[in-house]
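Each in structure tokens, the structures are laid out below.
Common to both upcoming complexes is chain A, partnered first by chain B, then by chain C.
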Partner chain A sequence: MIVDVLSWVFGVGSVLCAWRVFRADSMVRAAYWLLAAFVFVGLLLVLLTAQFLGLVLILMMAGEMTIMAVFMVMFMMNPAGLNPMTMVHQHRTSIAAGVVAFLGLAAVGLLGSFPERAVAAGARVTRETGMELLGDSMVVFETAAVALLATMIGTVALASRRGRAGDAYEGSVPPSMDPEEAK
Partner chain B sequence: MRSAAAVLATMAAMALGVYVAAALDAMAGAAVGGRRSVGRSLTFPMRRGLALLLRPRARTERPDAEAWALAPAALAGLAAVGLATIPLAPGLAVADVSAGIVLFGAAMALVMVAVFLQGWGPNSLHPLIAGYRFAGQALSYEMPLALVLIGAALPAESLSVGAIVESQAHLWNALRQPLGMPLFLVAVAGLAFWGPLALPEGEDLAGGTSAEVSGAARLTWKAARLMVLVAGAAMTAAVFLGGWQGPWIPGWAWTILKTLAVLVLLVWARHRFVRVPVERFVWVSWVVLIPLALVDVFLAGAQALWAAP
Partner chain C sequence: MSQELLLVVAAALFGIGVYGALSQQTFVMIMMGLELMIAGGILAIGTFWAQSAAGSPKGQVLAIVAMTVMAVEAALGFALVIAVYRVRKADMTEKLKRLKG
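So, the complex of A and B:
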């Protein structure tokens, strides 16, 4: 009973937060509404007795959304991202994509058949997750992990001030203080 | 009945912990300043708290009001979630869940969001820089924090904090994994932006995340930060110092004594060491602390394999 109520609360909360992402007028607010939506999804996973996966989802998203917000603010022409701005664009394409995605997911929800196996009370779900990750599916996950690690190291090497292309400031000229010359 | 007792005990421990941490800090400050007045230090948190409550609230131009109001409450709530995973005595925990240290880690990862929002909220220069600064700081201490917790979970073969305490019946993790506790203490200082790692509150940023708050909001923010410190100290006591295990006095008393000892150590560190520049901390963290944390995990794994039948 309480699980049913909670699953509705988390589900509706997740959808509402995801909707607010597109109504927010700042990068940081949009990123953190998305984080709130993911937190609700993580809590839904906890209700499905996948405690480890749900909590790890929340743990990862906290860092990721902050990094995303910082990057989005960096890449905006709006300095510091502080001024309110419209967060939506390409209206027709996005409406079409939204409708198609909704119909697809609704079709899966209505027409798909879901297993009805309740998890036993004493099931060691975290242990089974670990066995799956480092057992049968190990090659898949380790390949993804190594690829991600290589990407991270590559990004740091490219972005570093002392990267493989030499000192980032070498040969750079400070901007002129004379407005005529700066043109 | 048992869970109601656990909730009450944890709430009392949190409130007392925050007061004691503030009083210890005042005492250490008085000692450093050459004034030795224990009585005034003991009442300092109360006097300071009342003074803050009576002050008017600061306002800024066009703040992100919701985010600004949410940040201190979120920080306090996350600290409470963190403390809830730690048993005071066998079975006396609000939520000694099977994935306890993952829950603790998730709550502590969201601390980054709370501090960032506190910096973002007032729409003001120095807090904003402090928020960005804390994002860099948090990404640097999160990895050692998570890795040494995983290392401590290995001998217990469980992610539950209670099971980790029980696994230290014969040998504390502080001795079994000598790298773990120092790394975790650095991470706790970073988490509570405390002492040498109080970077988002730095004087060079005119107070940073606290620069624009006054009155009750400032009191909440300071208390919430001490709550994070207390949760971190309690986790150190549970995961590295054997938690409730000890002779003669009851288990809960051991948990509180050990947490208090860790708090004294952290307060001492605050008055002993200067604040480090953020670049240096990030560099040290990624070049020294994270590799050391990896060594800690590998050694713990090797020990676990050695011990396995």
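So, the complex of A and C:
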């Protein structure tokens, strides 16, 4: 009963917060609305007995949204959200695409028939996941780890101003035609 | 909440994400749309895992892969935003008419 009520609250909350993301006047607020949506999704996962996944999602998104808020402060033009802000293009097409995506996926969810095999009541889910990650699915786990390592390297390479071989933009400037300057 | 309703919530998150990714002009807001789409996917995975797959641990592994994709997307997205901003002073899609540096 209480689980049912809570899952309604979290489900409706996540959709409302997700909707507010693109209606907030300040981008920092948008970042925190997104964080709220993710927290609700994480709590829904916890209610579905995937406690590990839910908490990892919440922790990860808390860090990411804080970084995102800093980014917003760096880039945005309307810091305090004092003025109404809409920065959209192809608005009608986007709304149509979003509605079509929602209706299509919701139809799959409502009309499709899925097997009714719920998690067993006393299942030690987190332990099983750990055994799976470091057992049969280790290759998947390690691949994800290597992908994250590659991302770290790629991020630094993309964002740093100077690479190992000098300025990143040196090579992109055509050399001068003046022989004196080219030296 | 039943499986069907949870899938509708996941579909709603995905739909809002599609709207955001297509309609927003700022790069970082587009990334928020992408993240919402992946969040909908993760919720759908979690729902199927809990109510159709009898809690098979492989379903959780799939969700962890989806979360990795989310982290990679966010990190590389931020790095690309910075790289583009350095060269173009652009933080909006409309300011980029061509991609050549």
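List of remarks:
Just so it is clear, the second predicted complex is superposed on the first by the 135 of 183 C-alpha atoms of A that agree within 3 Å, B and C clash if a C-alpha of one lies under 4 Å from a C-alpha of the other, contacts with A are read in each partner's own complex, and residues count from 1 in each chain.
The rule is simple: contacts are C-beta pairs under 8 Å (C-beta built on N, C-alpha and C of every residue); 3 or more make two chains touch, one makes a residue touch a chain.
None of the values given here were measured: they were computed from a predicted structure.
Aligning the two structures on chain A places chain B and chain C side by side, free of any clash. Of the two partner chains placed by superposition, only chain C is touched by A:97; chain B is not.
After overlaying the two complexes on the shared chain, residue contacts for A:67 are found with chain B and with chain C alike. In the superposed model, A:52 makes contact with both chain B and chain C.
Contact with neither chain B nor chain C is seen for A:149 once the two complexes are overlaid on the shared chain. Of the two partner chains placed by the overlay, neither chain B nor chain C lies in contact with A:134.
Judged by the touch definition given at the top, the superposed model places A:35 against chain B, while chain C stays out of reach.
Judged by the touch definition given at the top, the superposed model places A:26 against chain B, while chain C stays out of reach.
When the two complexes are superposed, the chain touching more residues of chain A, out of chain B and chain C, is C. Using the contact criterion defined above for the overlaid structures, shared-chain residue A:116 touches chain C, although it does not reach chain B.
Once both structures are overlaid on their shared chain A, chain B and chain C have a minimum Cα-Cα separation of 13 Å. Residues 52, 56, 60, 67 of chain A lie at the contact with chain B in one complex and at the contact with chain C in the other. Within the complex, the chain A residues that touch chain C are 4, 7-8, 11-12, 14-15, 18-19, 21-22, 27, 30-31, 34, 37-38, 41, 44-45, 48-50, 52-54, 56-57, 60, 64, 67-68, 71-72, 75-76, 87-91, 93-95, 97-99, 101-106, 108-110, 114-120, 123, 125, 128-129, 131-133, 136-137, 140-141, 144, 147-148, 151-152, 154-156, 158-159, 161, 169, 172. Here chain C touches chain A in the complex through residues 1, 3-20, 22-29, 31-33, 35-36, 39-40, 42-44, 46-55, 57-58, 60-61, 63-65, 67-68, 70-72, 74-76, 78-83, 85-87, 91-94, 101, going by the rule given at the top.
Chain B contributes residues 64, 67, 97-99, 102-103, 105-106, 109-110, 112-113, 116-117, 120, 123, 128, 132, 135, 138-139, 142, 159 to its touches with chain A in the complex. Contact residues on chain A toward chain B in their complex (touch as defined above): 26, 28-29, 32, 35, 42, 51-52, 55-56, 58-60, 62-63, 65-67, 69-70, 80, 82, 126.
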